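Below is one structure, written out as structure tokens; comments come after it.
Here the chain labels run A, B, C, D and E in written order, and each chain numbers its own residues starting at 1.
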Amino acid sequence: MTKRKIRRKLNIKTRAIRPRKIAQKKGKQPGAIIYVGDREGMASSVNIMEYNWDHLQEYSLASMTELEKQRDSNTNSWIDIIGISDEKFIEDLGKKFEINNLALEDAINTQQRPKIDEYDNYIFGVFKMLYLDDNQQLVVEHIALTLFKHNVLVFQELKGDVFNGVRERLRNRTGKIRAKGADYLFFALIDAVVDSYFEVSENIFERIDTLEDEVYYDPKPDTARKIQELKKEVIRMHKWIFPVKEMIHRLIETDNPMISKDTRLYLRDALDHCIEINETLQIYREMSISLMEMYMTSVSNKMNEVMKVLTIMASIFIPLTFIAGIYGMNFEYMPELNWRYGYSVVLALMLIILVGMLIFFKKKRWI
Amino acid sequence: MTKRKIRRKLNIKTRAIRPRKIAQKKGKQPGAIIYVGDREGMASSVNIMEYNWDHLQEYSLASMTELEKQRDSNTNSWIDIIGISDEKFIEDLGKKFEINNLALEDAINTQQRPKIDEYDNYIFGVFKMLYLDDNQQLVVEHIALTLFKHNVLVFQELKGDVFNGVRERLRNRTGKIRAKGADYLFFALIDAVVDSYFEVSENIFERIDTLEDEVYYDPKPDTARKIQELKKEVIRMHKWIFPVKEMIHRLIETDNPMISKDTRLYLRDALDHCIEINETLQIYREMSISLMEMYMTSVSNKMNEVMKVLTIMASIFIPLTFIAGIYGMNFEYMPELNWRYGYSVVLALMLIILVGMLIFFKKKRWI
Amino acid sequence: MTKRKIRRKLNIKTRAIRPRKIAQKKGKQPGAIIYVGDREGMASSVNIMEYNWDHLQEYSLASMTELEKQRDSNTNSWIDIIGISDEKFIEDLGKKFEINNLALEDAINTQQRPKIDEYDNYIFGVFKMLYLDDNQQLVVEHIALTLFKHNVLVFQELKGDVFNGVRERLRNRTGKIRAKGADYLFFALIDAVVDSYFEVSENIFERIDTLEDEVYYDPKPDTARKIQELKKEVIRMHKWIFPVKEMIHRLIETDNPMISKDTRLYLRDALDHCIEINETLQIYREMSISLMEMYMTSVSNKMNEVMKVLTIMASIFIPLTFIAGIYGMNFEYMPELNWRYGYSVVLALMLIILVGMLIFFKKKRWI
Amino acid sequence: MTKRKIRRKLNIKTRAIRPRKIAQKKGKQPGAIIYVGDREGMASSVNIMEYNWDHLQEYSLASMTELEKQRDSNTNSWIDIIGISDEKFIEDLGKKFEINNLALEDAINTQQRPKIDEYDNYIFGVFKMLYLDDNQQLVVEHIALTLFKHNVLVFQELKGDVFNGVRERLRNRTGKIRAKGADYLFFALIDAVVDSYFEVSENIFERIDTLEDEVYYDPKPDTARKIQELKKEVIRMHKWIFPVKEMIHRLIETDNPMISKDTRLYLRDALDHCIEINETLQIYREMSISLMEMYMTSVSNKMNEVMKVLTIMASIFIPLTFIAGIYGMNFEYMPELNWRYGYSVVLALMLIILVGMLIFFKKKRWI
Amino acid sequence: MTKRKIRRKLNIKTRAIRPRKIAQKKGKQPGAIIYVGDREGMASSVNIMEYNWDHLQEYSLASMTELEKQRDSNTNSWIDIIGISDEKFIEDLGKKFEINNLALEDAINTQQRPKIDEYDNYIFGVFKMLYLDDNQQLVVEHIALTLFKHNVLVFQELKGDVFNGVRERLRNRTGKIRAKGADYLFFALIDAVVDSYFEVSENIFERIDTLEDEVYYDPKPDTARKIQELKKEVIRMHKWIFPVKEMIHRLIETDNPMISKDTRLYLRDALDHCIEINETLQIYREMSISLMEMYMTSVSNKMNEVMKVLTIMASIFIPLTFIAGIYGMNFEYMPELNWRYGYSVVLALMLIILVGMLIFFKKKRWI
């Protein structure tokens, strides 16, 4: 991987934990409906699924007036707004449903952290869908859900989402989704979002698994970088997922009559999943700390090994070279030089030193 | 141990903290009764112990209709369902006892974290039995307990369990278990599960003990890996054990009349044990951190020792070799070479340097 | 960068977390209105914006008596006091508005930590504006806001501030700010302060980004210092920003009728931003820890590389030199010396050792 | 110290944080009165102090029936049961005082963590006495106190205890202990237990003091082990002492009329001591972490010193040896060799290099 | 600094976090009025300031009976007891004011941690004054304040204190201290104690500043020790200051009529200061951790530099020496030796190797 590529990857990762881009909103009053995000210039389209137990109708919104029909009808409907950068359109739509400007502002501010706000006639929630793109990069998509008595409005940035399972259940009448109210649909969408977290966390898990192998059998300088990136990714996921636990808890505990007792039972189930995903992220964090520790340990151990080789080589040959040096001196009077077996005796002496050294290092368990 | 074996072991350990396998449930509605786990394809069998103070009857369930008898009878019974991958069977059984689908779903989702839910006619709890298999590997078995007025339903994955003590007490009329209601049986089963944690924690303790020896007397690169594995194991146990404390607390505090005042007293005892096991795990965690610290220290100390040997050898012989080198030069005019005692004087000089160096290192306490 | 410059920069940074300068207040009674800070000797000037939906008037205060008019009028006004080191002036002004001495003391004590106090007729809050000066150094400006029924008093140290957006909205009648009460202005000012935190945090983010590059590709001893400085800066920001969350929360929850239900809705929005900025600071803290870890890792890795080069060079040439040493000895009887191919054989032997060593190091993956 | 001795010491220390020995209780029903501990086979003896302001009587219990007299009398008495491994005896005694089996079980389970349980007629508490044996080893003795209207039952494992001060005050009528009720005696015993923690913590303090000296002036590999042992000891003490704070707090807050208002005032004093001892342990923990840090630092500093010696020696002599090597070459045409002052010039050159090197290292502040 | 001096300094520092000296109180009943501390044998003297708006009288107490006059008079008075080791005197004085023995015990136990206790007729508080002696050593002086309806009793160990500012305000009628009740005096004294913490923390700040310089520009082994000492000092201050926050909070919240609404307002101000000093200590703690980290980093960086010098020297000269060694061999048949330019060629070869090495190290950015 070239440095530039690494850089680009890092940039993507790091940008994700950047504070919200304020330039876009600077000096504007609160409640100003301004799109904040990277996916500008997309036209908004609205898909509507109108359903009750007996019939289901899917269509795209042609004109704003059709919305009024949905708003006033007693049939449940899922109004799915795709593309939120058209501020004018969003504002008009908001007026039809009498959504507070503060809520609308959050609906199209992709930097808004997850939250639930209860208003008089509706419940408004901001969530983050997490999924992996084709390059296995984590994508965070901002999403806003609004529950009315008979309608659920969904604001999403991009076309793809994690709601296909819900759509299928509506179409095929699986389970009781079509027999129940809009609050159940609201729950089902939240549940799908929470399920998306598991999928992403599965991917994190696999990366930990791979890194564990790398750390134990082949640690490279690059490995440390990968571990840190992983940690950053977990921190980032935590940021988006952590508030959801509290949000679902509030939905269960609220005395708002829009959420039926039955739906609360299901929300309790989703809460359970949220707790679990948070625990899992916590464990991932601890594992990435362990990985870093192991990496440092393995670096130290390698250093130790390097030092041992050096010490063994030097400790054996430096004394031997010294002996050779002595008999390389040119003194006139050096009796040993003239002895018949001088050379052999010195060679034998060197051998003894060599063996002695080896035994010494063996005893120290260095070799 | 070959690398492959290590790998396999690691895999087993790491898999245990994997997020729940979502592929099996993807796109299904909440409450869909689907087995999630690794032990598929096992037929379900049902063992029933019907008892009061005077009589005890044990038998295997032949047909579903026998269950109705138990359900409606006023005698206490322990209905033990072994094997939970037969989804159809579980669903039928659930209908007989009017168990909510959300509860049934959790009963056969082995990835479900421990929890207690109170329904109108029953209390439903998910626990994890922990025990060691023949290879001393930690096995986590999913278990679900359901308390009715006169019945306790137990859903378990595999044949073996930690309830033999309870069975014996029922058979031998030990203590007052046969004189008390189903709620006491419910408690006794929870108590047996909590006791199983102690047994596993005893094993962890022994491994810490062994590792402590290894770190102090013979640290190897592999030791660090073992310490990290231990830590991971403790994290994993904590994940399954931690929620139980809160669960038992809720059973004690609930105003549900199904749990008698007397049983609450016993539950308080189990709560005590739960608090203790959690404290123990906390201590284990701190000990594994200490072990890692000690390991790093001992690696550093060994490095120090290696460096000292190198430094001593090099510092002694490099200057000596240099002196030998001087008198190995071939200059024509080198008066020392022709002196009668030149050689002896140089040898004496070398000895002095050697002794001086040794004294220097002795003073520095390196030798 | 010279040492002196570094020092000066450090001094600036470190001073910022110094405890309040007590010499200035020593031995004075509580409630003594004494300016504590570094910007002494500035004359106070007062700018007033008087507004309702229909008209807006901006003027500078000429004499104290004009204030009484504002105090008693039913039109909203924003009374902006710039320069707070003229203790006498502040005291007179305080008396006109019947502000408690304890509050006045805090208004001109720039070491006062952020807080909200509710008095009978007014709400008094101390905040810190954060912004970057021309050298990209973080500047902290002390600010005190006081909300009366129809007036908002602002005490600020210096001329520049972060309220120009609010001024423009007042002048241009943007949003509904001129239609609403003084409490909304109070909120708008707090909101502008909170927004200033985002701007500064954006700068921190860019420094982390740069440091990340430096750590990965070119770590220098100086890098560690920069990381630590960054950490100190985050700690410092946290000190000023953290209490604001609780303060806004109290404004939302208070039963004080001066804050309308509508304004509370807006404050909830500001609270949201406060929570986010605190989360962001938390993430920055974790990232600076990661950076330090990575730095240490890269230092260790470099050391490893250095050691490897040394070991390879020494391990290859020390044995070869030894062999050369042997045949440099001057023994009379050394048969090899007289062999025809002695020299060639020794050279060949050396080559073999050289190649052997290279293979050994290759296998160890050191080269 | 031989390795074996170290091992034995470690074993003692480590065993202390072992989970309760479950083999002894496996498969038994809750409430089974079974001794769990290491001091088996000791006969139980019972010492009774019966007292009011006017008289005091001390005697050993001869037969169980004498107990009934005490139970029913209105004089206060301290019934001290020494030796708790005789399960039959404990059970009989328990029946006489109508103590719940769950309490009795805890009274003789030495692995039971500290706790307070309130029953209808009595308050039951488990504590740990800490003291040092003759080898300065920490001994943990399990103790159970039971407060009745006029009696205090004490269950203790061994003969010695920390209550001699209380006995003396009873015998000598010091303070008002004989004028007050059984609840004051109960308090006095708890107070004596809490005081015992201070004595042990004093010993820990002295060990920290000694280790601090060792780390600063003479760190050895063994030092790290001692620090870790210290940390383990503190963790262990924390385990036994921490719950006591909450326990005393509950005694103060309870609405149980057995504890007089006056005694609560004294308990508040004991609570204070408990808070202090917990704070002290917390500080010890931080100090042991600091010690470990200092140890690592001193190991690094020593390594640095070793490396410097090596580097200085090698850097000075390796170039010199090289020069000597050059003039040791046997080339036929080497003009320098025949120069009259060749040898002197080379020696001078060597001296210059030597001095240059020394200046270089001096400038680097290595020597 | 000699080792002995360091030792003595360490002793002073370490003693400060020693658990209270129990030998002095062993076996005594609770409420026994025994002086615990290091400043024994000092005679007690009592200074009284009697004041109301119109007059002020200062005098030293001659006999105990004068106290009764103060006790029963309606004029406010500050009764300042200096020297608390005369147990008999303290006990008599306590009886005159009907102070509970438990409070008196704490008043003269210098190891008592800070606390507030409310009794029927008075409020009793223990605090610690912190100040620096002439050697800039931190001195902790135990102090006890007792608030009666018209009197404030102050127990202090030594003559000097931090209350001179309060005395001056009383004498000079500064502020409204003489117009207000004893509760305001009580507050003023607490406020002076809290202010003393700032002065000490200023000193800590300067030491951090100096150490920062030392770590960055001239780290020595001693530096680490100084950092650790600093950390210990901060821990120690935290121990004495932390409880004060809670204590003042309790004074504000109590429904005790002795503390007027007006005084509570002032106490809220003192609480603010207390929160700030605690935050500052927290920041100091984090800074000392950062300092230690930086120290370790600088040690590692220095090691790296040392290693580089060694590696460069060795890597350059070891190969050169080897070449010289080859041509120092005494083989009969070595053609190069007889070549006319053999010597020059070898020298040139050596030069090439030297330059090559230098380029290599330059490229690696080691030189």
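Keep this in mind: a contact is a pair of C-beta atoms (placed from the backbone, for glycine too) under 8 Å apart; a residue touches a chain by one contact, two chains touch by 3 or more.
The UniProt protein names, listed by chain, are A, B, C, D, E = Magnesium transport protein CorA.
Quick caveat: nothing in here was measured; it's all calculated off a predicted structure.
If you drop subunit B from consideration, which chains still connect to each other through contacts?
one piece
Between copies subunit B and subunit D, are the contact residues mostly the same numbers or mostly different, with half as the line?
Copies use mostly different positions to touch.
On Cα atoms, by how many degrees is subunit A rotated relative to subunit C, nearest 5?
Result for this pair is 70 degrees.
For subunit A versus subunit E, what separation do you get between their C-alpha means, in angstrom?
43
Provide the C-alpha centroid distance between subunit C and subunit E, rounded to the nearest whole angstrom.
27
At least two other chains touched by the same residue of subunit D: list those residues.
Answer for subunit D, listing residues that touch two or more other chains: 296, 300, 303, 307, 310, 314, 318, 321, 325, 328-330, 334.
Answer with line, ring, star, complete or other to describe the graph linking chains that touch.
Shape of the chain contacts: a ring, since each chain touches exactly two and the loop closes.
Name the ring's chains in order, please, starting from subunit A and stepping to subunit B first.
In ring order from subunit A, with subunit B immediately after, the list is A, B, D, E, C.
Residues of subunit D touching subunit E in their complex?
164-165, 168-169, 174-177, 188, 191, 195, 198-199, 201-202, 205, 208-209, 212-213, 216-217, 265-266, 268-270, 272, 275-277, 279-280, 283, 286-287, 290, 293-294, 296-298, 300-301, 303-304, 307-308, 310-311, 314-315, 318-319, 321-322, 325-326, 328-334, 366
Where on subunit D is subunit B touching in the complex?
Touching subunit B: residues 3, 6-7, 10-11, 14, 17-20, 22, 26-32, 100, 102, 112-113, 115, 117, 221, 224-225, 228, 231-232, 235, 239, 292, 295-296, 299-300, 302-303, 306-307, 309-310, 313-314, 317-318, 320-321, 324-325, 327-330, 334, 336-343, 346-347 of subunit D.
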